[in-house]
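Below you'll find a set of structures to go through.
What follows is a pair of complexes built around chain A, which joins chain B in one and chain C in the other.
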Partner chain A sequence: MLKYLLKRFARSLFTLFLILTIVFILVRQMPIEGYFSNFDKMTETQIQNGLEQMGLTQPMWKQLLNFYTRLLHGDLGTSRVYYRGKPVWDILRTKLPLSVQLGSLAILFSMLVGLPMGTLMAKYKGRFPDQLGTVFIVLIQAVPAAVYYLFIQLYGTELLSIKLRFDEGNWISWILPVFSLSLGNIAYYAMWLRRYMVDESNKDYVTLARIKGAGEGRIMFRHIFRNAFVPMAQYLPTSFLNTVIGSIYIESIWSIKGMGGLLVDVIHKQDNEMILGIVLIFSCVGILGLMLGDLLMTLFDPRISFTKKAGEV
Partner chain B sequence: MGLIKHPQVERLEQHVTEALKEDLSQEQLFAFAPFDEEEAERAGVVNYSYWRSTIRAFRRNWIAMALLLVLALVLLFTFIQPMLPGQFTPTEISNGPNGLPLKNQSADSVHWLGTNAIGQDLWSRVWAGTRNSLIIGISVALLEALVGILMGVLWGYVRQLDFLFTELYNIIDNIPTTIVLILVSFILRPGMGTIIFAMSITGWIGMARFVRNQVLIIRDRDYNVASRTLGTSTARIILRNLLPYLVSVIMLRMALSIPGAIGSEVFITYIGLGLPIEICSLGNLINEGRKLMMSPSLRYQLIYPTIILSIVTISFYIIGNAFSDAADPKNHL
Partner chain C sequence: MSKVILSVRNLHVRFSLRGRTLHALRGVSLDVYDGESIAIVGESGSGKSVLNKNFIGLLDKNGEIPEGSIRYYGMGDKMRHYSAAGQDENGDYIDLAQLRKNVDWLRIRGSEICMIPQDPMTSLNPLKTVGWQIAEALTLHRGMKGKMAHEEVIRLLEDVRIDDPERRARQYPHELSGGMRQRVVIAIAIACNPRVLICDEPTTALDVTIQAQVLDLLRDIKKKYSLTVIFITHDLGVVANIADRVAVMYAGDIVELGLVDEIFFDPRHPYTWALLSSLPQLGVKGEELYAIRGTPPNLFQEITGDAYAARNPHALVIDKRELPPYFDVSPTHRARTWLLDPRAPKVEPPKAISKLKELGGVSRG
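Up next, the complex of A and B:
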């Protein structure tokens, strides 16, 4: 097990290295006029001097080498435009907690609603609760989130009579962003849990439990739910990450000062070090999420073992 | 013999006995038989046609059929609309009797859905936007399918490429799609081509991986081994044995990536990296509407594009699901 994890970890590091290199090269393809606020009035030498100061005139491999040397010393660089001269890590450290809080609340809420919803849909398969749930799932999955978020903001703020702008201290203003952020996950959890539970309920062990005289409630929760939850567990960490990253739009329309909104902002300002810093954090969490998901699965289902799985192709 | 024989088995046995009756020399007996389409089909289910069964199964789903009709009408109308009498062009600014632009005019007989903040006709803008958004969505879906299937088959068949593709998949799967979308749209000049490219660049690998897994699983299944031993050509194995299993999911993915692409376009436009404002799209319209949404009398500028966008995306979603169920050979017969 340990050997497998170590191997997996080494591979993840390699993937991370490739991702960072690609994004690093991509970022340097951005138009140079974006680096200067008064590009039109500058002379050729001024531009050259400016670029040289930022280290952009060096050959790509040298820039990359510098970047990785700094990174290995635990230095993410300093912000150029967003907060001039402030280390990237210091900026991100203040932004990260808000995004994580928002994401955690959203995941918690979606599990509290999505899992019972999926269970109910499976229990009343083909009947009214199932059909109602299906309509909800289709609506949420088919209509782009970018659109229904707007309507939640529009009518939600009127209903609660609050401002459009997010206020961290006021708990009422947390409701709508968390709710919007949860909808996609609720639909996703409910859809998959329903499918897995329906699959499980057709299996022999359920019939046996019924013959033994176990109550329906007991069968539903002790037997079917536990087995159906195993494939869901694998997805949980990734869905948490997707929620934090997916909050780019939410954070932006509600003016929440978190990581998501920040990424869009720094890309517009061409603050290269900031972009790489955020991408690094997002990718790390993403890779960790995949690993954690697999670990969670072994926790919920003792039959799954990775040492065996790693041997197969 | 109390055994009840399947008529097909009986026919086959008869065929063998008849063949044995003929006085064949040793060489003739062990010579390879050439592939014969008619003979090959004889053991199969009579009168089974994949596409006929698929269409029959699809037609039974009346909701999907109704939405297909709606979608076809919408699609047709986006192209007919500019030719109808009394239409405006989407970028034309209408002036009122006093010579000033007719800003935020509510709906009347001239401007069927009213005008926007600078006096452009909303009705024609909504249809032009739908047209462009559909072009984006369908192009992305086609590109993804084309590249994805091609790469997927290569990935599955050519073993040397497996490592390369798997690594590529790990990378693309691990970079958040939003970041790629934003970076590509930022680096390239804004336009239809850029936006289609940005959206396809991450989408194809998912399709390729699916095709690859299916190719790996199916190609060595017993029935394919049997086909190959009987001398069936690779092309026929791919077309008749493999493809029917793939059609269902390929169609589903294509149908879902259309609403996905339309939604991404709205998001990219919101970030300010979408299409230039001269090109009308649902993303541009919704973004224009969003800026005015706080005044209830102007809210129609957000609501009309949203309605048509929802109709299109929901239709594609439901039709895709229904068709994928119908196209699964397991649901036939």
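Up next, the complex of A and C:
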């Protein structure tokens, strides 16, 4: 187990290196006009000086070497445009926790609602609760999120009589953004759990449980649920990541100072150090997510093991 | 013979499939006696599994019972929970054919009538330990929990002859071989403490050496727990090995019923003849094995007369017109064929049947 984790960790580091290098090189392929606000009026020498100052005239391998040397010393560099002169890590440090909190709450809420919903839909397959749930899922997936986000903001704030602007210190103002952010995941979890549970409920072990004289509720919760949850467990960490990154729109309509739209913003501004800093964090979370997903699966399913091959005793 | 425990009377089962009606059982009648082991044989689609699913209320959702009853006489104290109860010459009964609600079945499944499903490889929950799955039955039916349940689990695993039960109880199904999983399924069944045990082709999925062991085990379990056992099988070897009586099913009806010796050595129905003739053990080297010609009748259509008539080389004119009644051959042996009518021409059973008689002593071991 430990050996496997170490191996996996080494591989993750390599993946991280690949991602960062590729992004590093790609970023430097962007047109140089983007680095200057008054490019048209600048002379050739001014441009050259500017580029030199940014270290962009050095050969690529040297730039990369510098970047990794800094990184290994724990320095992500400083922002050039987004917040001029401020270390990248300091900027991200204030934004990251907010997004993570928002994302975690949304995921938690999605699971609390989505999983029971999927279970109920599977239990009453083809009947009213199932049909109601299907309508909800189709609506959420068919209607562009922007539409219902705005609806929730407009009518929700009125209902709770709160301001349109997010206020971190006031817990009431967390409700609507978290709720909005959850809707997509609720539909997603409910849909897949229902599907997996319906699949499972046709299996032979369910028949045996029935023959044993177990009631339907017991069969649903003690036998089917866990089996259906295994394939979902793997995706939970990834869906968490997607929620954190994917909250661009929510964060912008509620003016939440999170990570949501940050990446797009800094790419637009060609703030190289910021781009790499954010990519680094997202990649780490992503890789960690996949690893956690696999770990979760081994936790739930005794047949999956890191050290043994299936079937071995 | 002993008391009747289960009595099927004129049972019809229909399935609706895409607007059409399939007549899966066409008036089956059968008495099962307390403590016996009866085998139900027949080819695929003859209705043997459908018949047995009725006994535990697991008929598929599109199935219905338009006619007939299944009287179960073993309910005892639990009778008072049921409205579909009655009394006849065999004693107090409840009619399983009338039970619709799942709660009604929960008092019967497992504790009264239990079943060993066909495929042990897929019948156990892959995410629960073997011990947990046996203990669940103990909790449900005998109110056992914790240490008491665990001790009983170990005892049951020993009963089904699993070595090192303490370790096995903590293992998951994927860590066990097919034969061991089948033993665990048997342990689960007896943990429920049923009176009637249905074995749905219990050895089909196992390899031959394990088959014999499992059959042996079933025989011992039956004796130890004084069970009534119903075997569903198309393996006549299993039948000869373990059954007291045999019911031969064809196209949703029982065509012949008798003690195992009567069916093997004095069969009367042409379908039973054909079935026995196709035993590979009776083949002569160099000759082709016997096979029944044609296909079973389409159960979507109304069948008039004897369902086997179309494939029967000895069919009489009346076979195609009218359903034969049961003719008694002996008090324990009856067959549904016009050939037994006194007016019918004398037809000799095929040669293979007399050969079977000669081989009899050997094959019955």
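Some observations on this one:
Methods note: the second predicted complex is superposed on the first by the 286 of 313 C-alpha atoms of A that agree within 3 Å, B and C clash if a C-alpha of one lies under 4 Å from a C-alpha of the other, contacts with A are read in each partner's own complex, and residues count from 1 in each chain.
Simple rule for what comes next: contacts are C-beta pairs under 8 Å (C-beta built on N, C-alpha and C of every residue); 3 or more make two chains touch, one makes a residue touch a chain.
Please read all numbers here as calculations on a predicted model, not as lab measurements.
In the superposition on chain A, contact of A:214 is made with chain C only, not with chain B. Set against each other, chain B and chain C touch different numbers of residues in chain A, with B touching more. Applying the stated contact rule after C-alpha superposition, one finds that A:58 touches neither chain B nor chain C. By the touch criterion defined above, A:230 lies against chain C but remains apart from chain B after alignment on the C-alpha atoms of chain A.
In the superposed model, A:101 lies in contact with neither chain B nor chain C. By the touch rule above, chain A contacts chain B in their complex via residues 11, 15-16, 18-19, 22-23, 26-27, 29-31, 138-139, 141-147, 150-151, 154, 164, 245-246, 248-249, 252-253, 263-264, 267-268, 279, 282-283, 286-287, 290. Looking at the complex, you find that chain A touches chain C at residues 203-205, 207-216, 222-223, 226-227, 230, 300-303, 310-311, 313. By the touch criterion given at the top, residues 167, 170-171, 174-176, 178-179, 182-184, 186-187, 259, 262-264, 266-267, 270-272, 286, 290, 293-294, 299, 302, 306, 309-310, 313-314, 316-318 of chain B touch chain A in their complex. Considering their complex, residues 56, 58, 102, 106-111, 114-115, 117, 119, 122-128, 136-137, 140-141, 171-172, 174-175, 185, 188-189, 192 of chain C touch chain A.
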